[in-house]
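After this come two complexes, each holding chain A, first together with chain B and then together with chain C.
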Partner chain A sequence: MISSRFSKLLSWSYLAALYGFIFLPVAVLVLFSFQDGRLPVPPFNGATLKWYGEVFSDSRLMSALTNSLMVAIGSATVACVLGFCAAYGLARFVLPASRLQRGLLIAPMTVSYLIIALGLLTTFNWLGVSLSLWTVGIGHVVINLPLCFAIIYASMGDHQKNIERAARDLGAAEWQVMTQVSAPMLMPSILAAFFLSVTFSWDEFIIAFLLSRFDVTLPVEIWSMLRSGLNPKTNAVGSVVFLVSVALLLILELIVFRRTAKK
Partner chain B sequence: MTAPVSIRNATKIFGDFTALDDVSLEIAAGEFIVLLGPSGCGKTTLLSLLGGFLSPTSGTIEINGKDMGDVAPAKRPTTTMFQDYALFPHMSLRDNVAFGLKMRKVGKAERHAKAEELLDMVGLKTSANKKPHELSGGQRQRVALARALAVEPDVLLLDEPLGALDLKLRRQMQDELKAIQKRVGTTFVHVTHDQEEAMAIADRIVVMNAGRIEDVGSPESIYMQPKTLFSASFMGEVNFIPGTLESARENALTIKTPLGTVELPAFDHAGFTPDAPVTLAIRPEHFRASTGTGPRVTLGKAKVEDGSFFGTHHRAHLSPLDYPNMTITAHMPQSAIIEPGAWVELTLDPTSVVLLPGHPTQTAQEGVTS
Partner chain C sequence: MATASLETRENRRAWGFVTPALLWTVAFFVIPFIVMAAISLATRKGREIIMAWNFDNYIEFFEKAHLLKGLFVSLEITLTVTIISVILAYPLAWIIAERVPQKWQRMALIMAILPFWTSYVVRSYSWLLVLAQNGVINNTLVYLGVISEPLELASTRSATVIGFVHFFVMLLTLTIYANLVQMPPNYRRAAADLGANGFQVFWHVVLPLTLPGIMVGAFLTFVLCIGDYITPQILGGNNELALPQVIMLQLGRRADFPMAATLSIILMVVVTMAYIACARWLKMERT
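Entry: the complex of A and B
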């Protein structure tokens, strides 16, 4: 009896320690973003929204936030369209060396972001393409395409193949099958791929840092703020970034799970 | 809309497997044809050739006199009703049924009106706004039928459409399918492995086995006058009694069997040569002829082994006196008293006996049990 109570206590404290380890840094970050004082370190002097006010009135931070959103949504859209087309082609048609092609599409997942960024930087220099938000977007498509392809490819089953066959039988051309039957049927996984891509792009630093010049994304802007020392304002903007990521994941959960639960 | 179909010497080879072996068939406009056979007999392959999902290795397919050789499924005057219905899960029933018309660039109001008319025909008018996942299996099946008919195809191809339904619903849908076919007049080509379904709906049945056509004809002729052992055994229960043809005279055939010598009228069974191996095919219900008038043949006495009551008849297993290793299945009248150990006379009307060339092999016999 006592031993069972003890083991229960032990497992609960393990759980608490585990979640503490994961979430304590975030909790501290968020807590000290409300710090009424100049330094985001203990002791906590009381709550104020002053630093959030400064974040939202900082035009550089706000334009970086807009840039981040544009890059995230744009690159996620392109990655999803390309990923869907690649998955459709490989799942529905007999293509030469399709196993090798699938491998090559997923391969960038195993390469570190730093290597991808360096490779792209060299390529852009060689091609004479000047660095901008476009080049950051291209970098994010490179890292998110394998993910989008893998998610969408995995959800393409034989049952849908038969439905696509029915659409063709009723007179649909290939592009009509893709846009009016396959894509709507696969919408849950396409949306999952889209929101995950947006989240990854939103948080990504290395590629955004190496491939941008004058217009930068939010993580790069935060990094340059950090060089001038710690400040509750950096905590506040970090909290905003965290909140947006959480919101995106919530949307993903709601949309995708509500849709799949219906079936 | 309706059209004749003509299949000439169609062969389909997958690797080293011949799925369809030199099949020729003429289908009249407005006919309800059922392709019947066990799985792997080539019936679904033949349907896929008509729909254009496969192209024949050799041979031609014509619909309404036009060669379909290079015509893609979308451009053929055919639509298919798939076994798993293949409805579009994200569209309402109205949009499902109207899809083919949308692909043919029919205006929204017109195609919706047409879709609702067809949903009305299959009894689902009030469900037009529902999604397929809200329907039962039988209802989905009706939507699939309405969707396939909405584009007014010349030929409707049905790939075991009733396979997923339970028995009662299947019988009900058979009646509906037949009634709808008579109403729209479209040529229906229906694939099934259920011989009762085939008899219930077909104008003509095409019995297939191992990539070939075994027999073609009306349900009555296929059941009563099958042309091959396979066809006889696949179309319900049958007793095969092997024998040899002793003599073929102008008006009578004499056949020597383990159960004695049988004499049959010759006019039905022309074309057999003396000493050839032959088989008498006898349906279980034809042993009931011990009463009544007219010509009779007898196969001697048989002992009742066991019997069970089926409502419309008693089904009994009998072992003949002259050849006790053989088991004969017979249907006795409702009122008969079946007692194991009793002796009965195996009496038949000679016109009900079918004489077939060859002796039954193991594969032909399997059709009886499946």
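Entry: the complex of A and C
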């Protein structure tokens, strides 16, 4: 069967071509972060770790990195707690207009980050609130809360409801049920929501750009580095950011999905 | 009576759980949106914002060519990107679902969307490395002697489109793959038994069944693409501005908040219209 062999060849070459396209920019980014020279473009002059050294000794980049981590972990924690409580309330109790409430909580997901950022910026301006990492954090909670709520709400099934009822019958108070029964049972989805939120906040640019002033997050700092054109140091920071994101996803994959798969 | 009081107590407790998240959403999403909508009806005098409560900004948008053009540039880029991404992603998702052995599929999929997780800024910069005047493509082609003068690849609409397509091929591969593996294999077998050839099975059975997945992915592409500032700014340059770039321009030099708010509202109306069209289409498909 020549035609089947031909179609097989065709599919594998298509696969290879698309993977090439998908990985080309990342490969170039990482490869030329080791460039021994001033320009991160071919020809490759040889490998050096000089640019990584410069990145880690650059105090502005390092404080931007710390800021990013603080904002990411802080906003993800707040979004997770708020999302978990709201999911608990809406899944376990009968509340009026619960469809409307769910819709409201999900709504920010359907709006461009640019518009959320602009809305917050005009409001903070109008109220005279000065911009800082706090305002960035507020913005990041707004974009991550719908995600956390949706993920945790979707995983609250009737199976857990019965266990919670049993705990309540045995005399547990509501907060005990929530923290000692529901939260541990839902831990995989809570962790998934948390790590996804951290990843999104860590990578987010436009909200961080518009809502910060003096202390900035890493994507904003990288943005200002772009003005100097192509530079192996920018490659090195970019590679670090990429590696952190991949590491976060690996944690997510290993802890969360393995655990759910086992169950 | 006792049950009624129990219910109200339960209810009060339930509100306690839901209220913080609702308050957050109202305070930092709903109210800012209302403020922005109000500001779009104001005018700017110097650096002062005066509430005029009229639609002058909206009228100005339709009268001034450079503002209106931003919307058209954005729409053109977004539509081009959506179509190219679907055409490229569908075969990829198909090959992963059909040709790649079962136990490697998850791995293949994770690999296919790995660069999805680089931040917008870094991803666009990486494409700049590839496309710039002294970038990878130009330097390689000059070195090989294919061209003598570097090509003008960056700071063009094509560069913006390439940067976007790269991102959305990954997204769409994910959504289309999810759709393909959900489809029961019996459908295809039945069609084949009834005498359809490979192409007919695809065209009359597989494609219509995966169309909803494509539409959802295409809608996501549309929303994310039309609201993005980074990719056109880094890769497209300042030759022709997309709507988000025009919005940012109002903020930067001119501090024209009313106009920026107006443009944002218009952007949102466009997205909402796309959403309604998509939802209506999906509903029609189902009935």
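Before moving on, here are some points about what is shown:
Here is the rule we go by: the second predicted complex is superposed on the first by the 263 of 263 C-alpha atoms of A that agree within 3 Å, B and C clash if a C-alpha of one lies under 4 Å from a C-alpha of the other, contacts with A are read in each partner's own complex, and residues count from 1 in each chain.
Just so we're on the same page, a residue touches a chain if its C-beta (ideal position, glycine included) is under 8 Å from a C-beta of that chain, and two chains touch if they have at least 3 such contacts.
Treat the numbers as computed from the prediction; the structure is a model and nothing was measured.
When both complexes are superposed on chain A, chain B and chain C end up sitting side by side without clashing. Shared-chain residue A:Ala16: touches no atom of chain B or chain C. When the two complexes are overlaid on their common chain A, residue A:Leu254 makes contact with neither chain B nor chain C. In the superposed model, A:Met187 lies in contact with chain B only, and not with chain C.
Once the two complexes are overlaid on the shared chain, A:Val241 sits against chain C while remaining clear of chain B. Once both structures are fitted onto chain A, a short way to say it is that chain B and chain C open up an angle of 100° at chain A, using Cα centres and rounding to the nearest 10. Of the two partner chains, chain B is the only one touched by A:Ala166; chain C is not. Once chain A of one complex is fitted onto chain A of the other, the partner contacts of A:Gln176 are limited to chain B, with no touch recorded for chain C.
Contact with chain C, but none with chain B, is seen for A:Leu95 once the two complexes are overlaid on the shared chain.
By the document's definition of touching, neither partner reaches A:Ala47: not chain B, not chain C. Looking at the superposition, the partner that touches the larger set of chain A residues, chain B or chain C, turns out to be C. With the two structures overlaid on their shared chain A, chain B and chain C come no closer than 5 Å at the level of C-alpha atoms. Overlap of the chain B and chain C interfaces on chain A comprises no residues.
By the touch criterion stated above, chain B contacts chain A in their complex at residues 51, 53, 72-75, 78-80, 82, 84, 86-91, 99-100, 103-104, 133, 147-148, 151. By the touch criterion given at the top, residues 159, 162-163, 165-173, 176, 181, 184-185, 187, 262-263 of chain A touch chain B in their complex.
Taken together, the chain C residues at the contact with chain A in this complex read 10-11, 13-18, 20-22, 24-26, 28-33, 35-36, 39, 88, 91-92, 95-96, 99-100, 110-112, 114-115, 117-123, 125-130, 132, 134-136, 139-140, 143, 166, 169-170, 223-224, 226-230, 234, 244, 247, 251, 257, 260-261, 264, 267-268, 271, 275. By the touch rule above, chain A contacts chain C in their complex via residues 8, 11-12, 14-15, 18-19, 21-26, 28-29, 32, 39-43, 82-83, 85-86, 88-90, 92-95, 101, 104-105, 107-108, 110-116, 118-123, 125-126, 138-139, 141-142, 145, 149, 174, 199, 202-206, 210, 219, 222-223, 226, 230, 234-235, 237-238, 241-242, 245-246, 249, 253.
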